[in-house]
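Here come two complexes built around chain A, the first alongside chain B, the second alongside chain C.
Moving on, here comes the complex of A and B:
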């Protein structure tokens, strides 16, 4: 176990330069973008130069860029990510409030996607070229080529508007339902902890549509990867040996083949997870999900520097963390692998 | 109280359906508004506050006075000519029009139960003119600039003085920036860096308004609860208000059609006609009579510093086609006016005498010294693409006929505001609004000065002179004369071309009644009820 901790520590330290690079790069990128936030936020019929200058001073934009960068790095080091002009709140608070929403949605979507994709991939690999294989391919292609906002709106239209089965697709919990007391920020967890099963049910039913929408989109990479790596494993010697020894087919496939085929699936899962977290902005918009991606997009559109920088930093950190977890999972899936 | 068998039975029946009738009743007394934008602050005077934040503050804070309302067409609109008391029981204006004495309602209380006194009013106005905020720039248009103008007479009497009788002095005090803050609470959260408690008031409210804040999640939702002790007017119908951010317009429309939400004022204009056909939906369309959409020229930069060229463009635009294609005629036209020298009324905006006349446009092009035409760009912001995109296409097509080659430029909102402020765009379209729809106010803000609102960067000595005079003119006939002259100069010089006043389409469920179009273009929940 100490080996694992040491490895994680080393991994974290070695990712620091990359994080620093991301920090500086985003900072400069935001300043290169056209559009002056001070002018954008100075509204009012007579907002003249004085008001604009005042906002510029408040946002710290009156100083030369290198000095701004140093101040920003100092702030980040002390845990201050600045204040968002769009929401009027400190960025750290905003991210802390919104990250659980995004994570909860992404975890659920990934779970749904895995539960569907792995069996589909195995089925397709067992009978390559068969009708089942083609069926799986069709589902995956559809999932990938229908943009999430289209599938999201479609699901809303059919399940909410026409049939009235789904609750209204707005936010994490029915607006008229009572919120469970906040502990972790994950509504499902909080509601379960408080034993408020009505709230749990309200939150879960709100979650189903957006999670399915996202799951559909990432079904393809997971299912295709499972199929490809299963195909490779199924033709290898140890499988033939296993079958020759008369082991049950179920045991051969689910224990020996699947476990060996999982390595690339885990890799792709890490990537899929990180992408989903950042790229689910369309799903968040369509379902009014109060997550971090839509927050960053709104900020970007109004040239609000601090939230965008904070968001990119958060995403970079999560990416580092996810990769670490993926490496640890490798070790579990295949004890021969150890990545330093 | 004697409890009889019948009451017990009724009570048992009510209990048998847990939450049934109670919940249904609270839904009926709850208004759920869905909007695409967010409320980002509880202090509307904060630089960068959104329009939705304005709407919330109107309901949470009181002002001394407010505007009345009147019927216009089938709906209600605010009436800038009627001023009614909110925290003030009555207002006395001195004979020379420079001193206003406000008698406060003696039973008015803040949300924390403490009485509203003249001290609070004085502190609030000191803040509005002193602190760095949006309030100071707005109310200076009514000659309110320094703390010395405000005086406490006694605990319930307050006096405000201007040097010259400004026509907009009192109307400015009706605007939402002039909210009255609970000074005891605010002072307890003030710091030496922040003497006006601006940081604290961003996330907290200390008002006396018809509603108090139940919860505030910036970017998600605001929930208001009725203040049953409110003295500013008749108690509003709704006990609870939910203002929720739903970014997707189609989802907002679905929610209203299914009756899960009650009201939205920012649906897509193209969806409104079909929504109006649905049995459960009601649409209240009001031309925004204090707004206008225009095409502006940069009058300080070649080529549009040339009057003839501006007139040529004005004669070449296919007004009716643009009105149809871009706005589906959902608004009031500001072109095709039937007058030449003097406008029929002193109102502004009003239809200007602009008509499509290609022959005249071509002749003017030659006179302007551009027989071979010219190249230019036409800019608009992404946020207004739904109307501006078809408009730009038609402008491009029409101007090609008189030799002007137009390149269309679609810019993100932050970028276009930067370019407009720096006065770098030659030719653009924008929609703008004035809270106080009086002619001299429009001209002062949109046609003089260096601020962003002077879209055409127009600098005309006569207009500057006329607006300065009109501002303090107390004789209605003389004021009317000045205003008519301003409008005539505008029609002649065409620094910008007025197109229309877009409708505000408030889409609601059938049962909602009393919707009023307000100067701030947000919902005043105090007007609404469920029938």
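Moving on, here comes the complex of A and C:
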């Protein structure tokens, strides 16, 4: 256990240079992108040159780029990510308000994806080449091929427009429902803490469609990985031992094979989670989800530097964090890791 | 007394890409209660397939196409899982080669033993655990209470096999099938595991089906032995008769090819003894005070030896003795921590391993590896494998000269010229060994380092390859540094032998003298642990009590 913690610590320290690189890279990237934020944020099309210059000075854009970078790094080091020109709020506040929405969506989507993908992968691996295997392959292929905005819209069309089962696909909670008091920012958790089950239900039903849309998208890597590693494990010697000594089929598959097969799935899970968090911008847009990705997209379109830089830094940090968690999980799941 | 297990005319087919292959062609065997039957044969003879058939563990591609298997009078040839599951583990059990892989890597061994108990008996988790503890004691694992929580990777190979045995005997089966149970283990560990198996089966009145390629092992532990060749049992008899007066031609060949205490390389392949090699007396290699540390722990400590031109020196010892490390240091694939390696009087130990391939000494010292399949580039044809060192070390260009040189090397190792275009996977084990040897001698080295060159080969192929190596040495005046765990092979191949233990030299001397009258206790242990079969003689009767100078490895 100590070894695992040590490994995690080392991994964290070794990822710091990468984080710094991301910081500098995003900064420079934003500077070379076309578009002048000062013109964008000027009062109107007929704003005078003097006003634009004034805005530029206030934003610090009149200084040379290296100096801007140093100032920016100093700000980041002191926990100041700048102020968004679009919302007028500090970026840190905006991100803090919107991150729980994205995280809640991503967590739920990942959970749904895992609950579907692991059994599907096992079924496919137990009978390779069978109808079940081909069926799973078809589902996975569809999930990957169909872009999330298409599958999202399809789900809305069928479940909301045609059947009317799903609620109005806008936002995290029905506007008429009472918001639970904010504790964590996760609506499901807050509602449950406050015991407001009506609000919980409202939030949950809003969440189902976007979460399913995203889950469908990441079903493929998880299910295929489960199938592949399950197939490999099922041919290994210790499975044969279990069979030779008369263990029940259930025990052989669930305890002996699956636990070993899940080791690579844990790694994939970390990657999938990080990808989802950043890549769910389309889902957030389709469902008017107030998450960080759609926030960053809006900022990017209006050349609003600070939120984009803040978003990329946030994503990079989350990526590092997720990898740490995966490392820890792996160390717990596989006793060989801490030694070797 | 009726037989416990009866196999009659068993036929098994495997569906492969090249059509159906018949692996068993009518095998008949029977094992009585508390009897030990050995099945010997070389790879591909069908001995393991027979065992897997009895347990009904054949993989999907295999199919029983004829014959019958009866266990305790009941026909289980076509029995389903519902019949088999209660039998497996409880009435008949199996232990496997490579014990570490046979155990679940992420489950404590105690839990795995308890799994088997609870699969067959309705006992509480606590009781299963207590019984697992008692079983670990029964298979003589030290500190069993602590080992219950251990994972397989924390145990040695011998201990893993003991755990496997504990699992197999947990529910008191009447038949135990042991498929190459000690292959890959050190001789002393092998002896300890086999003694445990023999004693356990005897005490519990279990029958055992011992599958092995080692005739000595079969002779020592089996009451009756069946010899298999190409999916058929060609001869079956008690060991004395079988090895004393083998009737079938294949058995005779097998017996002749197996190294014994008194056999010679020429004798294995039925040829006349050549003249003994007379040493040139010219120093080729001089190693002094060699030391190699890995992560602070010394794997090799203060080893010194020398080798004359044309001489053959054997390095023997168990795993962890440092013999492979020494061979890699001499080959200059590893850098020594301290000490000198002088070749032709020049210090080559100081040349960094990473740059040694550029040195002019690289072509003088060549290697023959243990795994001939793995050590050949799968995308190189046999021709390219042999030509590669000529291109790289001698700078030869494509053309008639290179082709002639490769063909000559192939001829010297007895590799037919038409095989040169083939890729490694299209060659047999023996042919791959020849390619590996041809590659090593291609740049005309003066020293060949052979790291367990025949450990992965069948005995009959081993005999031919050993004979080839011996002939090459005589013809080319090569010096050999021969690393092996097989003491009989080293005795035949080497004039002098060094015995290593835990990175240090324990004993050194002329091979005949050393093997005939070992001085060090450790050498005596190693020699005593080799299973013998003596034609016309009694298989060693008295159980030698081993006084270990080292803690039990297994």
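Heads up, the rule we're going with is that the second predicted complex is superposed on the first by the 329 of 340 C-alpha atoms of A that agree within 3 Å, B and C clash if a C-alpha of one lies under 4 Å from a C-alpha of the other, contacts with A are read in each partner's own complex, and residues count from 1 in each chain.
Just so we're on the same page, contacts are C-beta pairs under 8 Å (C-beta built on N, C-alpha and C of every residue); 3 or more make two chains touch, one makes a residue touch a chain.
Being a predicted model, the structure only gives us computed values, none of them experimental.
Enquirer: Once chain A of both complexes is superposed, is A:305 in touch with chain B (first), chain C (second), both, or neither?
Expert: Neither partner.
Enquirer: Quick one: name whichever of chain B and chain C touches more residues of chain A.
Expert: Partner with more touched residues of chain A: B.
Enquirer: Pick one for A:186: touches chain B only (first), chain C only (second), both, or neither.
Expert: In the superposition, A:186 touches no partner, neither chain B nor chain C.
Enquirer: Let me test your reading of the model: by the given contact rule, A:236 touches which partner, first (chain B), second (chain C), both or neither?
Expert: A:236 sits against chain C, while chain B stays out of touch.
Enquirer: Tell me the contact category for A:333 with respect to chain B and chain C: first, second, both or neither.
Expert: A:333: touches chain C, not chain B.
Enquirer: Which holds for A:286: it touches chain B only (first), chain C only (second), both, or neither?
Expert: first
Enquirer: Looking at the overlay, what does A:319 touch: chain B (first), chain C (second), both, or neither?
Expert: A:319 contacts neither chain B nor chain C.
Enquirer: What is the contact status of A:256 with respect to chain B (first) and chain C (second): first, second, both, or neither?
Expert: In the superposition, A:256 touches chain C alone.
Enquirer: Which holds for A:248: it touches chain B only (first), chain C only (second), both, or neither?
Expert: Once the two structures are laid over each other on A, A:248 reaches chain C alone.
Enquirer: Residue numbers of chain B touching chain A in their complex, please.
Expert: Contact set of chain B toward chain A: 23, 27, 30, 32, 34, 38, 40-41, 46-49, 132, 134, 137-138, 140-141, 202-203, 217-221, 242, 244-248, 250-251, 254-255, 257-258, 260-261, 412-415, 417-418, 421, 434-435, 445, 449-453.
Enquirer: Residues of chain C touching chain A in their complex?
Expert: Those in contact with chain A are residues 55, 57, 59, 81, 84-90, 93-94, 96, 98, 101-107, 115-116, 119-120, 151, 153-154, 164, 167-168, 170.
Enquirer: Under the definition above, what is the set of chain A residues touching chain B in their complex?
Expert: 34-37, 39-49, 51-52, 54-55, 58, 85-89, 94, 97, 153, 156-157, 160-161, 164, 168-171, 175-176, 285-288, 290, 294-295, 298, 301-303
Enquirer: Touching chain C in the complex: which residues of chain A?
Expert: My answer: residues 235-238, 240-249, 251, 255-256, 259-260, 263, 333-336, 339-340.
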